[in-house]
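Think of it as A, B, C and D in the order they're written, each chain with its own count starting at 1.
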Amino acid sequence: MGKRSRLAALAAVAIIAAACQSGATPKPTPDLPKEIGAGEGALNLVIWAGYAERGEVYPEFDWVTGFEKDTGCKVATTNMTDSNNGVSLIQSGAYDGISASGDATTRLIAGGYAAPVNTALFKNYANVFAGMKDLKHNTVDGVNYGVPHGRGPNLLAYNSDVITTPPTSWDSVWEDGSMYQGKISIYDSSIYIADAALHLMTKQPDLKITNPYQLNQAQFDAAIALLEKQKANGANYWGSYSDQVSQYASGDVVTGTTWQFQVNLLQAEGAPIAAVLPDEGSTGWSDTWMIAKDAKNPNCMYMWMDHMMSAEANGQATVFFGEAPTSQQACDYAETISPGHCALTNATNEAYYDKIWYWSTPQADCADADAATTCKDQDAWVAAWTALRGG
Amino acid sequence: MTPEASRPPTRGEASSAVAAVRLEGLVKRFGDAGTGAGAGTGAGDTSGSASADTVLAVAGIDLDIADGEFFSMLGPSGSGKTTTLRMIAGFELPTAGRILLHGEDVTDRPPFERDVNTVFQDYALFPHMSVADNVAYGLVVRKVPGPERQARVADALRMVRLEGYDRRRPGQLSGGQRQRVALARALVNRPRVLLLDEPLGALDLKLREEMQIELKAIQQAVGITFVYVTHDQQEALTMSDRLAVFNRGRIEQVGTPADVYERPATRFVAGFVGTSNLLSGETARAIVGGSGTFTVRPEKIRLAEPDSQPAPDEASAMGTIREVVYLGPDTRYIVALDAGGELVVTQQNIATSSMEALSAKGRTVRLTWKRQHNLPVGEE
Amino acid sequence: MVESRAVRIALRVVSVFVMTFLYLPLVILAIYAFNPSRLLVWPPTGFTLGWFAEAANNPAISVAVVNSLIVGALATVLALILGTLAAIAVHRYSFFGRQTISFFLVLPIALPGVVTGIALRTSFVTFGIDFGLFTIVVGHATFCVVIVYNNVVARLRRLPRSPEEASADLGADMWTTFRRITFPGLGTALLSGGLLAFALSFDEIIVTNFTAGAGTQTIPMWILAAIQRPTELPVVNVVALVLVTFSIIPVYLAQRISGGAAAGVSR
Amino acid sequence: MSTPTDARAGPGTRPGIARRLAIWLHPRQGLQLRLLLAGPLGWLAIAYLGALAILLLNAFWEKDAFTGRVEPFAWTLNAFRDLFGHEVYRTVAVRTLIMAVLVTLTDALLAFPIAYYMARIATPRVRAMLVIAVLMPLWAAYLVKVYAWRTILQGNGFMEWALSPFGVESPGLDEIANSWLVLSYLWLPYMILPIYAGLERIPNSLLEASADLGAKAGATFRRVILPLVFPAFVAGSIFTFSLTLGDYITPDLVSDAKFIGNVIYDNSSLGNLPLAAAYSLLPIGIMTVYLLIARRLGAFDSL
């Protein structure tokens, strides 16, 4: 009932907007908003922790307070623990938007939970790197379902007091190394199965894994077996990034998979933690701000999406999280607070990102690999992860 | 026996033709789940399982209580007397039958719409109110104006001799004082009928005897109909104009104290009111010379030497003293009759010492009593 | 006294041990609240009051506290009304299914909060009810009703029936009797039941997690979120210390009111 | 005294509407009961049982593997097939049950001595202080306590500092024993208070009578105290058992082991609602049986 009336209101807004713009060319998707109306006064977001800072951690990182002042949209955020959690939160209908990674975007689009966006309404969209536009995880048939936030790889972190030579491969995480037994830090999400598959791509070529997100039964079983071995070697799992920060700070772990964000936090506190992208590459993410289909505050969400592409906000956010900005303007701004940021994150280095397997949703239909076989789907991945962690 | 108890019960009946309280075919069954609900207190407390077997607490009662009468309901616990009282007050709804107060049918009326007031066994004083507030409660809820209310509260407290206690809380009073507050709280409303549910039950013997006299005096002073529930036969006999003896939800006998004591209608009444000295069957035929059951009150029997001759108007029986109980002013002898059975005999210790009395055990005696004192008792 | 000297000494020793066990974590938290380092490493490295200032200046905390107070108050009022009605019905009337009702009333507190939470969330989504303070209140009231119910039923069992009858007998109708006699008699039971219900609501996180809207945060939600932000841990310590300290007030009140035993037994 | 009826309202004055309603309701006991129960039962049925029913329906509905969308009224037993198909759900259930029993026993063992001390040995002053002292952690925020244990248990924390002289390392935050320790800690007051109340209800004369009849202290304890306080144990165990059975935050924050609550929470928050709903049937079933037994043992009167 509520949903329908909101949709009706949206449609009405669109029709009135269209009527006002006399002589406008007809668009293929008539329900796209034609302009950003007045802010509704509130904005409820599902975010990756650290994507909406208001200066509580470090006063200099604050791209929310100004937005609230300018637009009157009061921002409330909920952290997702992983993409699965983000999808579930959006499904509750309580949120206006989400900073979704690629494995969430496709599901939200297919499930009808995300609305198409009219990128023409964003004054900052023109500046976005061409390579970050119209990506296949957020664009379907030329219709955009969001705007980019930033991208980055999952890194290998290590305690530089314990591991004095910077590692160049993921072996310390996967292979039997009694040195780090019980001190490995692992991301607690089903999507991490892809990291095992990635490792197998180089270690066991005979498995013929071509895409770590499209695994047939044999490949999948091998990945799970590898994860079981890792668990037996004493993996510590982190669900929230603060778990991991305290693990490293307390010395409970010395190496493992991480985001640049945690490394930044730990280094700021003087902890001897460093991170590298190993030679064999890594999994990673390219995040998209999406608007929920039944958003209660669509105008505020549009304003937020535009804001997050601005030089100032995107520069701050990507520096804070340690990921690549989405425009040259953002890069320039980022350099003023963190010199060398864009080079460090390879913001314009597409070759670097070719080594990165962006998170995407495992599907039964593994079109890229082999038409004859079916792959393990999302449910199978989650069930396997539950079995691994719960068993 | 007090003089009041033997007075004929004509007062109330003379003053009004309409009964103050009239009960017609009154029945109360507890645990009756048929209507889906029933109050959860009273004789058959249903705090146990919800669909317990039903209990027939009152099994059909017809009764008229005259205006101005001091009427007692006497019976053992569980005999239905308290339930009957609670139905008159309106705390229980009868399963069947009618209740009329001064000719008006009040069967379905709530307690607060009935011109009766109750003195509860546990006094039911409001613990969070002072004595004066307790007494004033009925006047307050009926919106009696302040000055009149204060005057009447003062009057009522004076009547129960509790002047100066008005500021106290019930918790600071003795049992006797609480009892008086409860009485004042009921009387201050000037009900036409006052119901008293074993009001003296919690008091010690001496206080109870004092209060009995006081209650009777108050009743005569205010002229209100008193319906008094007790299981103490002595109390009922002392105070009542008339009394009803309850047993198993029914009334066994209604009458003046003298009627009930001296002419018990049933075996149960004979046993419950006074000591049951019953002669029946062969024994009765041998001693009294008639068939049926007879009773003889213990104080009517004389102990005599075995070889003495009974007078012509006397019955007599031979027996052996089995037990002697010395009671101070009296001595009680339990005599095993040669003809079978036992009789209890009480004798005043006018000329006997305790030594003499106690040494009587085992002695053979002749019991004699006036024939007019062995009364036939109806069988149940 | 039946207990031998040795038994008494042993009991005293065990009691001291248990009390230490109960309080040690709270004491350590209190110490951390004054520790200047952002990372919680024992032993503390110094002394500062800075985190208190930071906590006081954080608007999210005060908003969350106000939300918790509102939710607690509304859930308590709802629980007081519904719990008292149910208690009176179950205690004062005998009817078929009485036992079943008291059984079902206990369910919300005996079944895991995660089940209650998901059930409510699913229902809200199904019926298109917008999440917010209202939905949190609904979630909390489900188990707060039981608390009040238990307290009131226990009191009714001890209260004699006769004062109410006396009131009716003296001419007061059922409303007057409730207002002047029953309600004062239940007074302290309602107060301690209400306090406990409020405390549980104020402390509740599991059900809240599922029934809170996007823009609504209670203080436990804030803590849970803040625990996941390592940089805010020192402020969490301060909030924790303040919460624990303030909880002395309701505990003391409940204790004074009930004058003993098990004012707060049931959850 | 004047005429006996002057306190009554005269026949001409009509009583107020509230009073007339009261009069009308008086003989209608069934209606009174229905009015009293309408609110609480309506609430229970709609807000609680209704919600549970909807959740359980979800257990039988189809879910899209890719988008996670639940298709109402598309009946399937897939969720149950998954539950029975994977051993992990059995492992987790058994682990949780064992933990619930362990925590309950631990709390019973810890609670009895202090409850006994409070009820029967401490002076009234000390007793009042102890009751407050036991109640206070009960009111202090749940999360705060879990979080406090995190700071104690983690590396470089208090535990490591206190135990390092003995050459013991910090247990870290992934031991299942942490859950046992912290859950026992959290629910301990819920066990102490009913037992304390139960012990306090035992009159001294009973124990004296037992001693008088020749029972040694041990026999009095076994044959008089324990049977009388047993319902209180069961009442306390309802809390320790059910709270352990359903908790997911504590196991998540202080250890790495998954319990029933975690599996339900994870599946609901990761988008497999039918599986979460199906698995919810397990704790619901266990607690219903537990409550029925507890009620039979007289625990409800000790709540």
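Methods note: a residue touches a chain if its C-beta (ideal position, glycine included) is under 8 Å from a C-beta of that chain, and two chains touch if they have at least 3 such contacts.
Fair warning: this is a prediction, and the values are worked out from it, not measured in the lab.
**Q** Between A-C and A-D, which chain pair is linked by the larger number of C-beta contacts?
**A** Taking the two pairs in turn, the one with more contacts turns out to be A-D.
**Q** Let me have the rounded angstrom distance from the C-alpha centre of chain A over to the C-alpha centre of chain D, please.
**A** 39
**Q** Can you give the whole-Å distance between the Cα centres of chain B and chain C?
**A** 53
**Q** Measuring from the mean C-alpha position of chain A to the mean C-alpha position of chain B, what distance in angstrom results?
**A** Taking the average C-alpha coordinate of chain A and of chain B, the gap between them is 89 Å.
**Q** Got the chain D residues that touch at least 2 other chains?
**A** 7, 22-23, 26, 29, 32-33, 150, 154, 156-157, 268, in rising order.
**Q** Would you mind listing the residues of chain C that make contact with two or more other chains?
**A** 40-41, 93, 95, 99, 121, 171, 173-174, 227
**Q** Could you tell me which residues belong to chain A and also touch two or more other chains?
**A** Where chain A meets two or more other chains at a single residue, that happens at 91, 243, 246, 249-250.
**Q** Pairwise, which chains touch?
**A** Per the contact definition above, the touching pairs are A-C, A-D, B-C, B-D, C-D.
**Q** Taking the complex as given, what residues does chain D use to touch chain B?
**A** Within the complex, chain D contacts chain B at residues 1-9, 22-23, 26-27, 29-30, 32-33.
**Q** Would you tell me which residues of chain B are touching chain D in their complex?
**A** 35-39, 90, 93, 108-110, 112-113, 115, 138-139, 142, 144, 189-192, 222, 224
**Q** Hey, which residues of chain D end up touching chain C in the complex?
**A** Residue list for chain D touching chain C: 7, 18-19, 22-23, 25-26, 29, 32-33, 36-37, 39-41, 43-44, 47-52, 54-55, 58, 72, 110-111, 113-114, 116-118, 120-121, 128, 130-145, 147-152, 154, 156-158, 160-161, 185, 188-190, 192-194, 196-197, 200, 207-208, 210-211, 217, 220, 235, 238-239, 242-243, 245-249, 253, 260-261, 264-265, 268, 273, 276-277, 280, 283-284, 287-288, 290-292, 295, 300, 303.
**Q** Which part of chain C faces chain D closely enough to touch in the complex?
**A** So the residues of chain C touching chain D come out as 2-4, 7-8, 10-12, 14-15, 18-19, 21-26, 28-29, 32, 40-43, 81-83, 85-86, 88-89, 93, 95, 99, 101-116, 118-123, 126, 138, 141-142, 145, 149-150, 171, 173-175, 199, 202-203, 205-206, 219-220, 223-224, 227, 236, 239-240, 243-244, 247-248, 250-252, 254-255, 260-267.
**Q** Provide the residue numbers of chain D that touch chain A in the complex, in ascending order.
**A** Residues 64-69, 82, 86-89, 91-92, 150, 154-157, 170, 172-174, 252, 256, 258, 262-263, 266-272.
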